[in-house]
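In what comes next, subunit A is part of two complexes: it sits with subunit B in the first one and with subunit C in the second one.
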Partner chain A sequence: MSDAMAAPRAKRADDDIEPLLAVEELRTVFYTDKEEIHAVDGIDFEVYPGETLGIVGESGSGKSVTARSIMGLIKSPGHIVGGSVRYRGENLVGKSDAELRAYRGSDIAMIFQDPMTSLNPVYTVGNQIKEALELHQDLSGSEATDEAAELLESVNIPDARRRLKSYPHEFSGGMRQRALIAMALACDPDLLICDEPTTALDVTTQAQILDLLEEIQRERDLAMIFITHDMGVIAEIADRVAVMYAGEIIERAPVEPLFADPKHPYTRGLLESIPGRNPHAARLHTIEGNVPTATGPARSCRFAPRCPKALGGCERIRPAAVPVNEGDDGNHVVSCLLYPENRSEEWRLDAHESQETIDDANNEPRTDGGHENEPADGDKPTEVTDE
Partner chain B sequence: MSRLGYLLRRILLAIPVVIFGTSLTFLIIRLGPIDPAAAIVGSPDTPSAQAQYEETREQLGLTQPLWEQYIEFMTDLLLFNLGQSWVLSPGAGTYDLILTYAPRTLWLGFWSILIAVCLGIPLGFYAGLNPNTRADYLVSFGGIVWRAMPNFWLAIILLALFAQSQQYFFGFNWSGFLVESEVTGAYDFSDITTWDGFVREFKRVFPAALVLGSASMGNEVRIGRTAVLETINSNYVETAKAKGVSAKKIVWKHVFRNALIPLVPVITSEAFLLIGGAVLVEVVFGINGLGYLFFQAVINGDLPLVASLMYVFILVLVGVNILQDVLYTIIDPRVGLEEGGA
Partner chain C sequence: MSEQAHSQTGATEAPTAGAATDDETLIAVENLKTYYETDGLRSNDPVKAVDGVSFEIERGETLGLVGESGCGKTTLGRTLVRLETPTDGQVSFDGTDVSTLSGDDLKAWRQNAQIVFQDPESSMNDRLTVGKIIREPLDSYEWKTPRERRARVRELLDLVGLRSEHYYRYPHQFSGGQRQRIGIARALALNPDFVVLDEPTSALDVSVQAKILNLLEDLQDELGLTYLLIAHDLSVVRHACDRIAVMYLGNIMEIGDTERLFTDPANPYTRTLLSAIPTPDPTADRERIPLRGSPPSPQDPPSGCPFSTRCPMTVRPEEWDDLSEELWDRIDLFRTVLRERARGADTLGTRVRRTIGLDDPAADFEEIRESTFGDVTVPEAVAVEVDETERRLADGGEPAALAYLQDRFGSDCDTNLPAAHVVDDSGRTSRCHHHREDVAGLDEPTSARPDR
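This part shows the complex of A and B:
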């Protein structure tokens, strides 16, 4: 059923197309005097050319840290302690700031959550767009002005040439986000990371910005990582979705199957707590409790304390990423001891604990982490870019 | 452009401030306890002295109705008809007196602001760019200590150090360094345009300017550090980084200009303090400047001189305020945005 419904792009994971961006086992830890916070704790995902990957999760689940880790914008006391971020096969983790600068803007661009504060207040909008053009396109003077005006027009800002001379405070929130999008597009990137780009905007402006992003994506064949906590926005814009919880991706699937048939108890809870999805319920469903702060590497399922379906093993086994049913195509992956559904509970517990037998039957790219106490875990037959 | 309109509005608004300030000055000196006639002729305890006292009052115009005196006082000041000194140097025009004393204070004030700005802001920015390093702790701690030392104490200590520099700086002779100069005394501007004259006067003003600028330098270090830290963690700096802008350009283009905005009022408000603080430093270093003149005029009851100096101070304060607004409109395009509101 899910195959019939999935968008054609969503199946690219099966094709031979190389991913544009492949994140593997990425770990980002913040070291403070009191504790270490494992904000991103071993996540894997790929982004293919032209598709939109939605990353969804509650506040504090590590979405923004993921985005900044890709861009190399993690500030001290945060550090990427493991894993890789491969852009067109090139590992960005461990590159120097000067090397990363060549990728930022020109290959991977990013737009941020708060358009009100993301433009420098003392320079004109035109100046800031032209700064990007001068950096990566080697344009200057009137050429750069023409190009900047064209960019502003392409994000539907009327009277673009005059608007270049405006200061950010003369723009409304929606217009500032458009200007920031224009700036991100200035260097013709292949991947655009949108970190909650519509959260700070009112609902009508949100819809306009989403339409604009979709239009731009179509025109430029842009790949996007779209980060949000808003399930409605994800449903509208994403081709595939990764659900994050406490620094881990707990479910990955094309957007239709995820919304039609969510597998992870957390994803179910999230979807049930959208107002209006369940019109017959007397009260809106909520998930009790809060997202825990990860102060160490995961050794159990982090959702177990809040999970309505928790098993005995949830408190001691870290679930691996497994297909919903053993033998599936690997498009719908979930990190939960309840899966693969077609196996017995005992088998599942053993399999998650040893993390060996699950992935040999299918083409699932790799199992999720949790092998810090298993040095022998080297068996990833389908690994393409392992070093 | 509303930036020019904003500036014009600020200048217009300064006029009532000047009028209010001078009116207050008039009230304080005329209704206050100072009796200028008594200051000139002494206390009227004999009949002849009494007559002379009355005559002096008549001459000074103190017998006229108060409102007439007020009108005369205000029009004279506004037309820069500053009158003559009564007590300090009777008959001398206050205008001439001010012209004699002012350059010394201006020279001192100029260097105390410039030295503080040139040392304080770079140190503060450096500390802000390298937060929580050893250099940052040293600069921040030093800034606080420097800020906390009282002017009069620091003035005496520096005076002692510079006057006996051979003893404290391993034989380095400050007085004989480059050009022969004394550490104290009023400045001599007769040959300021020559290299030797300039160096000599700079050497003479340096210790005093260091003292007078010490408080503002401490403030500039601390506020410069905070402003840089705040700017560097702002979203637009992250946007610029995500755009691929180099670290150097981020600091010079995106951080510095924004970090200067909170420093503008710090620098200009120090200019106000200099007027008051200059008296102490001028006394210690023996500089006969405006602060010293004002102090002498007040304790001697020389009312026209006091009023004229007050008027000059008010004009300087209002002028510095307008200068501050000019700096704001240059640095920050958001200034002058609120249309219509006065």
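This part shows the complex of A and C:
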């Protein structure tokens, strides 16, 4: 079953279907008086048309900053200091606010965690949907009202026409999130970024919203980036998953292999600590220590201090994203010195240190040729210690 | 968490409480009600947060309390430790009724029952040191000498996995998980028998949550604690609890052994709730039972079964036995739409407009008819009822229309609160009319509705 799921994705990467969105070496840093926070520290991923990429991580891992960086919503003291966000090949990083506005909504739309704060309490829901329609579809008057009612109906709000006249406070939490999804759809986007859209909702409402998003995706061939801390939600909605830890993506894989056979020690620890996956365990597995704050660019593996499998090299080499086994199709990628599994430890340490070796050897999809990696340059260790 | 065998008294008839009744009962709750008085302009109905619940908690066990937000689970927990005063009913603790205690008696009893709050950010005073926070209950009860109190705090810090040098630090210097440990230490300061854990891990990341759950389990083993664990995360409850109570709109819909409840839920609401949990396994089959509409207001709960307005498995009157599932479903939807409208129309503005004839409640009736019945064939018998509903709506507004629909399509579900039927040999009980002898069971194909 997992092969069946993975195959079309693998094909996609091989067939050179252009990704809708390609994020490369993205870095977002927040400068405060006290310190620099490297909230997003050199991440890569692509989103292909019609698929759902799940980004999962604990609080502070940089998932929301990633979403905001894509949308160009990073405000001072935060800055995007490097990398690119390519939407249909066009780099969005460095574009002015006015230029970005052309993309927001009509190409890339976003829904947030708390639906109440995203709606204006003094206008009716209908008013707010019609505003979006007027801006993006150039509809107004009764035409806009018809379209707005249709949109509300499409997100399964019964009695839609009457509901247009309601104010946000008259809606339940789930209905507000539906209304926001309707507003996002009003602009007919190709990519929808969902930042913890169900976290504030009850499980029953969450289930409805997840079903709705899947239905909409099928109908409109929408690509989604779905950000959440909930592994259960990821398992249900994502086609591929990126696991974030302290500003970095430490593992990327199609959803089934990720859950069936997680490779990074952090992903393993995280999955083992979920009560839902281990209902009969007498004790829950825990990960020692706490998530660190990234106050500088990564020069080592940030998980090493908590890792049960840390090697001598973990404290001084920043792991590159490599396939689980050398020669794999590059769909399951891990940033860990334990991989590629089929190579000796010495080879792996060397390879991770120089980085390009592995990239070249395996046509890893994220690199279109061996582009130079900044962190490796500035990161010259003194000596190699074998364990 | 405890290893007690709950099934040993399987044959016990326990119509009001799910627990096996033996002398190990620590807390017995009977017909407990907690209402919040309101003084609204239009209605003085109280908010019925807890509306008549009965159950028992055995010494040393963990009872889980689950339900959606607003179902009254936190109010129930707070009432058990007397942070709220019950409106009616009894809570006996170790055999004594504590629901009417006040003054010194209440204070003296409170040492036995403590609570850990959900949000470790807002449940402690940021200006006090951690030591002072944990010492406060000891100071308040003038427990032994100040020196012994300080020693006790150090002991507590150690007990919850913090270090004694943390005594002089402030809460803001700690992470969420550590703050929750401080909250647990404070709750344990006076050596209580019973601790209410109100969503103790819902503000925490999973890896931190695992640590806190393990800690709570260790403390229970070590100190012989009895827990009421309130949570909306059902997987947490399944992991940690011996028995589970499922709450909806102030009522306990089902209560019983955790594994049995999870593997073979008896109540339609429990089934719905369990079917909604996202499983962290992408290969799992899911068959979700969809839930219609929004939960009713606890100020104006449905007159029969609390879940009747959203239940996908309501009992169907014999008269309509031959309607197709789809059509019956549309009739349900029709009623839901009118219910939602009734709620929306219940404002001063609408009332005034209607009185002076500016708002006709049936003006856009054709739209409702079209959106609910537009794509199905409606037999004459049903069409007649829909026409009559329109007339009632025009004359008496939504309440009149709803009353008519209830009369024509309603059943016991709409009028009578189902009794708590014993559903298995472990004494699990469930409130649903389908458990009655004279009504077809939920899994019997004749009148049971498939889960779509």
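Here is the rule we go by: the second predicted complex is superposed on the first by the 353 of 387 C-alpha atoms of A that agree within 3 Å, B and C clash if a C-alpha of one lies under 4 Å from a C-alpha of the other, contacts with A are read in each partner's own complex, and residues count from 1 in each chain.
In this text, a contact is a pair of C-beta atoms (placed from the backbone, for glycine too) under 8 Å apart; a residue touches a chain by one contact, two chains touch by 3 or more.
Being a predicted model, the structure only gives us computed values, none of them experimental.
Of the two partner chains, neither subunit B nor subunit C is touched by A:343. When the two complexes are overlaid on their common chain A, residue A:162 makes contact with subunit C while staying clear of subunit B.
With both complexes superposed, C is the one of subunit B and subunit C in contact with more subunit A residues. In the superposition on chain A, A:114 contacts subunit B only, with no contact to subunit C. Using the contact criterion defined above for the overlaid structures, shared-chain residue A:131 touches subunit B, although it does not reach subunit C. Within the superposed three-chain model, A:79 lies out of touch with both subunit B and subunit C [touch as defined at top]. Contacts of A:268 after superposition: neither subunit B nor subunit C is touched. Judged by the touch definition given at the top, the superposed model places A:58 against subunit C, while subunit B stays out of reach.
After overlaying the two complexes on the shared chain, residue contacts for A:95 are found with neither subunit B nor subunit C. Only residues 71, 73, 75, 97-98, 101-106, 109-110, 112, 114, 117-124, 128, 131-132, 135-136, 167, 169, 180, 183-184, 186-187 of subunit A touch subunit B when the two sit together in their complex. Against subunit C, the residues of subunit A that register as touching in their complex are 1-2, 5, 58-59, 153, 158-162, 166, 170, 172, 174-175, 202-208, 210-211, 229-236, 238, 255-256, 259-260, 269-271, 273-279, 281, 283-287, 290-291. By the touch rule above, subunit B contacts subunit A in their complex via residues 233-247, 253-254, 257-258, 261, 331-334, 337. Put simply, subunit C touches subunit A in their complex at residues 68-69, 175, 177, 205-207, 209-211, 213-214, 217, 232-236, 238-240, 262, 272-273, 275-284, 286, 288, 290-291, 294-295, 333, 336-337, 340-341, 344, 364, 367-368, 371-372.
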